[in-house]
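Chain naming follows the written order as A, B, C and D, and within any one chain the residues start at number 1.
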Amino acid sequence: MIATQLRVIYGDTDQMGVVYYANYLRFFEAGRNEFLRAKGLTYREFEREAQLMLPVVEASVRYRAPARYDDLLTVETSLPEAGRASARFEYRIVRDGELIATGSTLHACTELGGGVRRFPPDLLERLRAGETPAEPART
Amino acid sequence: MIATQLRVIYGDTDQMGVVYYANYLRFFEAGRNEFLRAKGLTYREFEREAQLMLPVVEASVRYRAPARYDDLLTVETSLPEAGRASARFEYRIVRDGELIATGSTLHACTELGGGVRRFPPDLLERLRAGETPAEPART
Amino acid sequence: MIATQLRVIYGDTDQMGVVYYANYLRFFEAGRNEFLRAKGLTYREFEREAQLMLPVVEASVRYRAPARYDDLLTVETSLPEAGRASARFEYRIVRDGELIATGSTLHACTELGGGVRRFPPDLLERLRAGETPAEPART
Amino acid sequence: MIATQLRVIYGDTDQMGVVYYANYLRFFEAGRNEFLRAKGLTYREFEREAQLMLPVVEASVRYRAPARYDDLLTVETSLPEAGRASARFEYRIVRDGELIATGSTLHACTELGGGVRRFPPDLLERLRAGETPAEPART
């Protein structure tokens, strides 16, 4: 798990006085970027060197408590699943220990042209390093 | 189902050349607003007159094909579930008959102060008018 | 002058209950796109066919009255100056006859690689058609 | 002058591969918030305690070099003018010593209801502390 800090600006809020619901996906992206950087791999390098992309296939957010202007939020990003050609990131947004939102994004691994490709094994190794794999479903 | 048209601007795209993943939630909101307006009820009135809000509790998006700059998108918004104190909107974004994204948002019905409240029955009636209820799970 | 209509969504507002100041530049872009389309030329074609871009060099906004959620705004876009290798668009945002904001953007004409280029004369002709040129400074 | 660091995310860019022009105003806001915090005064306190707001009256940006995804930008915010009932912030965005953009925002000082008000003198004192006043025009 990698923690990233973010300060909420006016531009993130809406007239309800809370962070606009779409902006949590921006916060998730910031967390994802820092996750990759912490693994020694920026997403920019990923695109340029590996000639791969990680387009989002699914995203979901569960809103638990409102975040407000000037809040200092922590995005906790983890990678419970990284398979052959896809990866699932999970996110928890917290403020002073209070849970604000949770969510996940599912990404395909594709060539820049769009075709699905296997994750290069060494890359997968680096992404998984230190991460707790998702528990297999019990039978 | 209510259809809303949207034109994609540069500001909606990202450097992958496609609509940024968070912006689909903006498109869903536009669809939701027009859904309410089509039922004779703007969300502005909902807040002011009924002194109620519909904060988002959950949101999810499934990205099926990329939308691009200058695309004319149609957001098809429906309300398959509207219960005592919550409502689920569903969305399909299409471009020339091609499915771009699907998703849903779950909303609570609350007072402006935040406490959960029952939907006023006449309101519920109006929202549901013409909508196909979600099918009950078959047994 | 070309008029474009826009509906303000929640995502455009901030916690002051008004449209967030950066979003006027999004509205200007929407106006600019429709200006080009009305001249028979989408910006997408401009990039693809002419292999040219119009990157923004300067932008300014003057905020005169707040726009609010659900407002139906009209962006009036005009092109008072279109010279050899630059163009200045001007914008007026109005709501029911009330002036909400004014502004302008100055654009260079460049190759996709970035080098400044002259506007193709036939293109300039089309853009200027029907537009009132800016008055020269009196001496 | 107060320096604030920002990391560019995918959501800040557009399909030209650079930061979308409206987002510089978001970066300016982040710089402005940190300017106030550095002076011992968050904008949140400003609103709550002084019952004052600083709505933007004018904003302008000059784009000098494109910022790109994953860039680490520094927003340098200063307050060259703070008068009776208005304040002008200036911004320089730099990346590794290269100038990316400059701009300014002019703010009124108003009551929460909207009426223009004088800056409380002690507040003005704090904001100006350490700032270089704008030079008067030479004659």
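In the analysis below, a residue touches a chain if its C-beta (ideal position, glycine included) is under 8 Å from a C-beta of that chain, and two chains touch if they have at least 3 such contacts.
The model shown is predicted, which means the values in this text are computed figures rather than measured ones.
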Set of chains whose contacts include both chain C and chain B: A, D
Chain at maximum distance from chain B, centres defined as averaged CA atoms: D
CA centroid of chain A to CA centroid of chain B, Å: 24
For chain B paired with chain D, centre-to-centre distance based on mean C-alpha positions, whole Å: 35
Whole-Å gap between the CA centroids of chain A and chain D: 29
Residues of chain B engaged with two or more neighbouring chains: 10-11, 16, 22, 25-26, 29, 69
Pairwise touch network: line, ring, star, complete, or other: complete
Chain C contact footprint on chain B (complex, rising order): 7, 9-11, 25-26, 29-30, 33, 42-44, 69-70
Residues of chain B touching chain A in the complex: 16, 21-23, 25-26, 29, 53, 55-63, 66, 105
Partner chain A, residues of chain C touching it in the complex: 10-11, 13-18, 20, 22, 68-69
